[in-house]
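Per-chain residue numbering starts at 1, and chain names A, B, C, D and E are given in the order in which the chains are listed.
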Amino acid sequence: MRKYGVADTTFSRVNMGDIAERTIRKDDNDCEIVRYTVPGIKDLPVAAKKLIDSGCDGVITLGWVGRTQLDKYSYISSSIGLIMVQILTSKHVMDVTVHEEEAEHPDDLVRIAEDRATKHARNLVRLVRDGGKSLREYAGKGLRQGYENAGELD
Amino acid sequence: MRKYGVADTTFSRVNMGDIAERTIRKDDNDCEIVRYTVPGIKDLPVAAKKLIDSGCDGVITLGWVGRTQLDKYSYISSSIGLIMVQILTSKHVMDVTVHEEEAEHPDDLVRIAEDRATKHARNLVRLVRDGGKSLREYAGKGLRQGYENAGELD
Amino acid sequence: MRKYGVADTTFSRVNMGDIAERTIRKDDNDCEIVRYTVPGIKDLPVAAKKLIDSGCDGVITLGWVGRTQLDKYSYISSSIGLIMVQILTSKHVMDVTVHEEEAEHPDDLVRIAEDRATKHARNLVRLVRDGGKSLREYAGKGLRQGYENAGELD
Amino acid sequence: MRKYGVADTTFSRVNMGDIAERTIRKDDNDCEIVRYTVPGIKDLPVAAKKLIDSGCDGVITLGWVGRTQLDKYSYISSSIGLIMVQILTSKHVMDVTVHEEEAEHPDDLVRIAEDRATKHARNLVRLVRDGGKSLREYAGKGLRQGYENAGELD
Amino acid sequence: MRKYGVADTTFSRVNMGDIAERTIRKDDNDCEIVRYTVPGIKDLPVAAKKLIDSGCDGVITLGWVGRTQLDKYSYISSSIGLIMVQILTSKHVMDVTVHEEEAEHPDDLVRIAEDRATKHARNLVRLVRDGGKSLREYAGKGLRQGYENAGELD
């Protein structure tokens, strides 16, 4: 049985944690899921670290980032932190982030959040369950999460 | 009994350390609080590290950042540092920061500082005392500190 | 026998992983190659770390980066991460990246990607097989990958 | 007896190392001071690390930064490095920096450098000798180094 | 006998590695020098790490950086990496970098590269052979590499 961590925030305006949980449970029916909710993106790296410390085989973090430059500085710091957690533990932490300026209309933001959280939850299950060969058929295919696939250039 | 660290600065123009101390004491009446005051935000990561070294279960840092681009570079460095401390210790360090340009009028800056310090002190107590499930009911609810809540999109 | 890691992404619009594999196999006929495909560039550092953990003597990562400033923030985080992996393991990880704005026409992007992936795969084989003296004859020669060589100034 | 490290640069246009040494000696008459001079700010993190390795209880670094964006990139890297040294050693490293664009007239730059080096040397002595409570009376008081104090908002 | 590492790149348009080697040999006639040539600046941190792993007492890296913002992002990542190597090993790594936009005419770029590589190779020998006091006579003297000295303010 595999154990997945799902870390999300109270800052987010969409409950992406629930979406990720549902997707993981659907794609891997022999699994345990541990949820960890923190205030904002700067708290996600330690949440991921704690989830891995507690035995998770992989983690998905779901962050929401405001429009200002200050928000972007926090995004850079969090991204570096999430990558450091992965390097130190050799476990995948899928860093899902939605930026408020990605869409003007709330409906579009919700749609982006749902699509991105769902697709990366699926990616996490594949990587955790089947390893680094599991996504090979899509290598170079220009896949996108939150948007339409860009496709392969040829 | 839980032990909390409160790290603040002499650079700050509001005594957010006192606010955080009072809030923690009110929300967790079986606790010890250790205060650590440093000159500025670049000294906060080591303050947090020392507080955790001395046995704190969690830390809140209270930083104040000036308006210039140089101040923002220091902010990025400090944020990365605070995240590294958390990754290396697996303890929460709530990184509360007020930026001088967030409001033109001093009264508004004070109000932002008080609101943000209070709410994140509460978040810290919840996370330290009750763990990663303690904020789950607010996941995706668009909570804000220092401003009105943005709310959930649906 | 040497063991090489090839980490690429599903985000990429060119299958640079295949190009790197073919090049490595041609340049070093006594080798094993392990492929690891991840969603995007932020997943490459842990992929490289896992490949090294599993015994690879060196790794090449093949990233594709979009045009927006957000994409560039992710690029910075990933670059720092890939450098950290190398520092912690003392193994080379050739960080090959194509940025969408490098060319307007898709054909040019494909050509850049092929040239860069091929040349850096060759560089990796040289460094892994023959060490730090293997590229010395080209020191200061202004070599470029993806573009024409700039050449030596004199 | 306490041992302090003073790290400065040949790039600096003011001998802030001497100022720091004199201040520390005046404020703590039972101390040893070790000086370490390096070319520029990017060499300060390892200087601080070496000073701590050799037994220093705390370090002050005195950097000078040029006006260009390249200088600022170096500043960011150095700041992150100095924070990492502190996190890894749990020792204070006061990061004093003067930026050439802070004043147009050389006299003003000298005055800023002297004020900043002096005040942060005093801060270091307090923190090393008396710990995290030593600056508490100034928490939130809006203290500044190099400029007039901003003062507390109320 | 001291052992120095010299790490340079094939991207560079001036053979600064040769300049550094000659300078070190002239300034320290009881030394061994190990050369390590890599493709570009992002490969320099691991080259420095490997040189230190193999017993070097200090390293000089010689990087060349293009004009674009992408080049600058790589520069930031490499600088942080080189500082991390130093912190983790407590050895000096002199980070010499020439940026293409520093001069319009190739002759001036060559002159900057030669001056900077030579002066920092001398700095490295002093620091490795005679330690942190060796440059003290120049503290605060406004020395520059690649340009005329700025001089001390008084």
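Keep this in mind: a residue touches a chain if its C-beta (ideal position, glycine included) is under 8 Å from a C-beta of that chain, and two chains touch if they have at least 3 such contacts.
Since the structure is predicted, the reported quantities are computational estimates derived from the model, not experimental observations.
S.K.: By label order, what chains touch subunit A and subunit C together?
M.R.: none
S.K.: Just give me the whole-number Å value for how far the CA centre of subunit B lies from that of subunit C.
M.R.: The separation of the two C-alpha centroids amounts to 40 Å.
S.K.: Using the average of all C-alpha atoms in each chain as its centre, how far is it in Å between subunit C and subunit E?
M.R.: Centres of subunit C and subunit E (C-alpha means) sit 24 Å apart.
S.K.: Using the touch definition from the top, which residues of subunit A touch two or more other chains?
M.R.: 76, 80, 84
S.K.: Could you give me the chain order round the ring, subunit B to subunit D and onward?
M.R.: B, D, E, C, A
S.K.: Residue numbers of subunit A touching subunit B in their complex, please.
M.R.: These residues of subunit A touch subunit B: 7-18, 34-39, 42-43, 45-47, 49-51, 53, 69-70, 73-74, 76-78, 80-81, 84-85, 88, 106, 109-110.
S.K.: Along subunit E, where are the residues that touch subunit D in the complex?
M.R.: By the definition above, subunit E touches subunit D via 72, 75-76, 79-80, 82-84, 86-87, 90-95, 99, 120, 123, 127, 132-136, 138-145, 150-154.
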